[in-house]
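Each chain gets a letter, A, B, C and D, in the order it is written, and its residues are counted from 1.
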Amino acid sequence: MTLRGWTLPQSATGRSSIVAPPPWHYSGEIIAVDFTAPVDEVASLLPDGMKAVPEGTASVVFADWCSASDHDERVLLDPAVGQYHEAYVVLHAMRGDKRVGRVPFIWVDSELSLLRGQIQGFPKKMGQIAMTRPVTLGKGGVQKTPGSRFAAHATGHGRRVLTASVTLEKTADRLPRAATLPLVHTRLFPALHRAEPAVNELQLGTIADFECGPIHTGSATLEFGRTEYEELEPLGPLSVGTGYVFSMAFSVTGGKVEPA
Amino acid sequence: MTLRGWTLPQSATGRSSIVAPPPWHYSGEIIAVDFTAPVDEVASLLPDGMKAVPEGTASVVFADWCSASDHDERVLLDPAVGQYHEAYVVLHAMRGDKRVGRVPFIWVDSELSLLRGQIQGFPKKMGQIAMTRPVTLGKGGVQKTPGSRFAAHATGHGRRVLTASVTLEKTADRLPRAATLPLVHTRLFPALHRAEPAVNELQLGTIADFECGPIHTGSATLEFGRTEYEELEPLGPLSVGTGYVFSMAFSVTGGKVEPA
Amino acid sequence: MTLRGWTLPQSATGRSSIVAPPPWHYSGEIIAVDFTAPVDEVASLLPDGMKAVPEGTASVVFADWCSASDHDERVLLDPAVGQYHEAYVVLHAMRGDKRVGRVPFIWVDSELSLLRGQIQGFPKKMGQIAMTRPVTLGKGGVQKTPGSRFAAHATGHGRRVLTASVTLEKTADRLPRAATLPLVHTRLFPALHRAEPAVNELQLGTIADFECGPIHTGSATLEFGRTEYEELEPLGPLSVGTGYVFSMAFSVTGGKVEPA
Amino acid sequence: MTLRGWTLPQSATGRSSIVAPPPWHYSGEIIAVDFTAPVDEVASLLPDGMKAVPEGTASVVFADWCSASDHDERVLLDPAVGQYHEAYVVLHAMRGDKRVGRVPFIWVDSELSLLRGQIQGFPKKMGQIAMTRPVTLGKGGVQKTPGSRFAAHATGHGRRVLTASVTLEKTADRLPRAATLPLVHTRLFPALHRAEPAVNELQLGTIADFECGPIHTGSATLEFGRTEYEELEPLGPLSVGTGYVFSMAFSVTGGKVEPA
């Protein structure tokens, strides 16, 4: 029969499929840290047509996401499905005369996020991610107030890859670059019967309904760990910049593709 | 040398110990559901000296905790250490003429919580626990507003043991019993060279600095799963009562013990 | 620059890529159980051009794999990368006049296996899989001898989906169908800018160097669990057939594709 | 009522208890590496009455265990319960004129093992442990033959703590010290109402039915990782000695205790 499902597994009903098509909605808590990296190392992670900015600026972002899908209510209703953590690097780059972002490495702790990400061109791997979750009461946790320290780390294949912290100092009126640069991804799906990939194209997500809460900033720490599986250490960091803690929400309604 | 450490592992410094002594602080998000169970089944899970209440009332509580320890700052500072989820059953009981609670089954997803709990007499097992985390922005998650559905579930040894939900309707001015009954635990540590346990005593935690946020209530669902490892199914539920969603914080400063 | 990598993440060196191209090698321990399912339910999970066999025969297979990759030595060298468990259903079907197999549902506990599988058209999801591992010494485990009971189970999103066991009785001289039917997969990769998928094609793996050890058979048990995410329960099982325990190895050297 | 259960949780039947009393049986695959450490650092991890050997010898042991319990058949029958990995350090020491071993740090990936270990005085923490599993067929894995490389690593709280490998060269006729030294543990269970522990005693397990398969030896590598939670780095290693790969089985029938 003609099987249904936007992704595998397909069935007569389509309800076994892991991912339903967009719109997808995201509400999350963010911990982000700006850093600089050697420009040639940034360049070595950018696709044709993108250039490193001369300052070598980049960011690390941790996110504790709740997500939802217009075409699959289970994503919102089952916290084991829609919720996940992710940690990623964003390189600041130029594409022609436009500032863009590029995510060379990203870890998540959810099957749905892994595959939904790969479809968009996020190079997602599985990892263990821990983030200070803000609380509103008591002494068991950390509140979003000056002096509070928000920590985050990510581990892949049993190796710590990212370790960061932000100590809140004040609030800002501008979002960090990491949250505003349009991200240019590569959708890549190999072929099995020939060397050239079956799909190899650039993708820019269509974003709607962006919202964000108060933006807390402060001094930050950032360390990259040694790993056999990613090329993080060459990125330094050369210097560590401002840290940010804030809530953020947006929707992905689809994407535009261009030849790679 | 004389090794230091409140728990294993001990070392010259004591800093390898998993658990530091109280005070411990807790800040969390709670999803709770009241239910009734057959009175004789409740009785079969209570220690000598405690009686089931004739109504067979009981509760299931899910908690998303941040925790801290006065004697180990790493608990607050490292989100991989101090944060965890837990899910438990509280039986409402009488001890003499006092209303008390008894936790026959509890699951957590953290080594620290497992052992800190066993020391207090919480019969903690490892599990996977998922809970709707409230958000403040966007459509990716669920806000604490009327009509919102908060879901929670727990799995042990690969079997779903608890599945619950609460659909918010209004706010209440009273905490659920599950949060106010003093809990009577059994601290139990076996001996290896004789049949009688090395430690077998009742324990009541000393609680301080209790705080709670707005108490949202609504209709609830609750299911117990079949498991080879716990005696949950006999508890029913016979009926499912009110559901609660709220923030809560408190400290444990120590405990009183009595003979079992 | 021109980035390298058979899959994401791409980099100048290509060494961050999750999956390297075949040949891939597999050595594993298998627990398999034959069963029958309602023919129309089998049919509802088969793609155009494949027919259920009238007997409704099918199998469940659990595998404890070690894997290797000719183009990435880390897969063999790092046990956290190349080793994984998987559990799947194989429906026995006809494609024209050829007997084939179709895998409608499969769970794995490894990022590499998830993505390597999706590339081949295995509809892999993440799960927790436990299997009796044969031992050669002592009373702590189960040896491959008559009377031994091998158990296996799989859990997805906190729900037990498959529970099986085989009690060994004798050795056989024939492999189970589940291990010999050529598997016909659907490679499916969605587009983001249009409704039709970017890739939608049938794929048959090219298998080499098949080896297997002594084939132990015996009586079996099999249960499908209730789940919101897969359509397993309609498959029954109507009846449970022979169980098999054996070691198996093979290589995948590539694949042939055909229009879906 | 009088509740039953050797450990928590207790119930009328006792079948919810996590651990049943010994005898316990173990069948496993071992990867071990000898090393030397600074003698004063070894001494700083030994209890009163034990002395470091002047050579500073010690071992790291990884084990892939199947376990069983005479009083709880579920441990053998359910692979999710009885099977686990562990990784530990054994310091070689003198107690009076007897050579003994002491385990200062150990990680496991199972609730049952964690608590069964704490009862014996093993200072078990939760970790992620990966070990090359020997195979008998094919190119997907590693066979126990000269030239084969067995690798193992352990991670706690997202940090790699142990990384080891053994490249097989020949077979030996002697077990490594790590497998033959009687282990002296500290059983430690804190009190909540006073500073002195409720239980603090030395424990030596009573071992029976020891068996082992061919002992493969070869050159080894070993690295300790930086961690905030254990004092591993001071142990070096100063030098890395022989590596061992073998199968082993034994039973624990009880234990002798002495004052700490």
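Methods note: a residue touches a chain if its C-beta (ideal position, glycine included) is under 8 Å from a C-beta of that chain, and two chains touch if they have at least 3 such contacts.
For clarity, every value in this text was computed on a predicted model and none was experimentally measured.
*Asks:* Among the chains, which one keeps its Cα centre farthest from the Cα centre of chain B?
*Replies:* C
*Asks:* Going by the touch criterion at the top, tell me which pair is linked by more C-beta contacts: A-B or B-C.
*Replies:* Between B-C and A-B, contacts are more numerous in A-B.
*Asks:* Can you compute the centre-to-centre distance for chain A and chain B, using the mean CA position of each chain? Integer Å is fine.
*Replies:* A distance of 33 Å separates the two centres.
*Asks:* For chain B and chain C, let me know how many angstrom lie between their CA-based centres, rounded off.
*Replies:* A distance of 39 Å separates the two centres.
*Asks:* Would you please write down the residue numbers of chain B that are in contact with two or more other chains?
*Replies:* 78, 80, 128, 130, 153, 158
*Asks:* Taking the complex as given, what residues does chain B use to touch chain C?
*Replies:* For this pair, the touching residues of chain B are 128, 130, 153-155, 158-160.
*Asks:* Sort out for me which residues of chain D touch chain C in the complex.
*Replies:* Spelled out, the residues of chain D in touch with chain C are 25-28, 64-68, 76-80, 82-83, 128, 130-133, 135-142, 149, 151-153, 209, 211-213, 247-251.
*Asks:* Tell me, which parts of chain C touch chain A in their complex?
*Replies:* Within the complex, chain C contacts chain A at residues 1-3, 5-13, 15-16, 18-19, 21-22, 43-48, 74, 78, 80-81, 104-106, 111, 114-115, 118-126, 157-158, 186-193, 195, 197-199, 203, 205, 228-231, 254-257.
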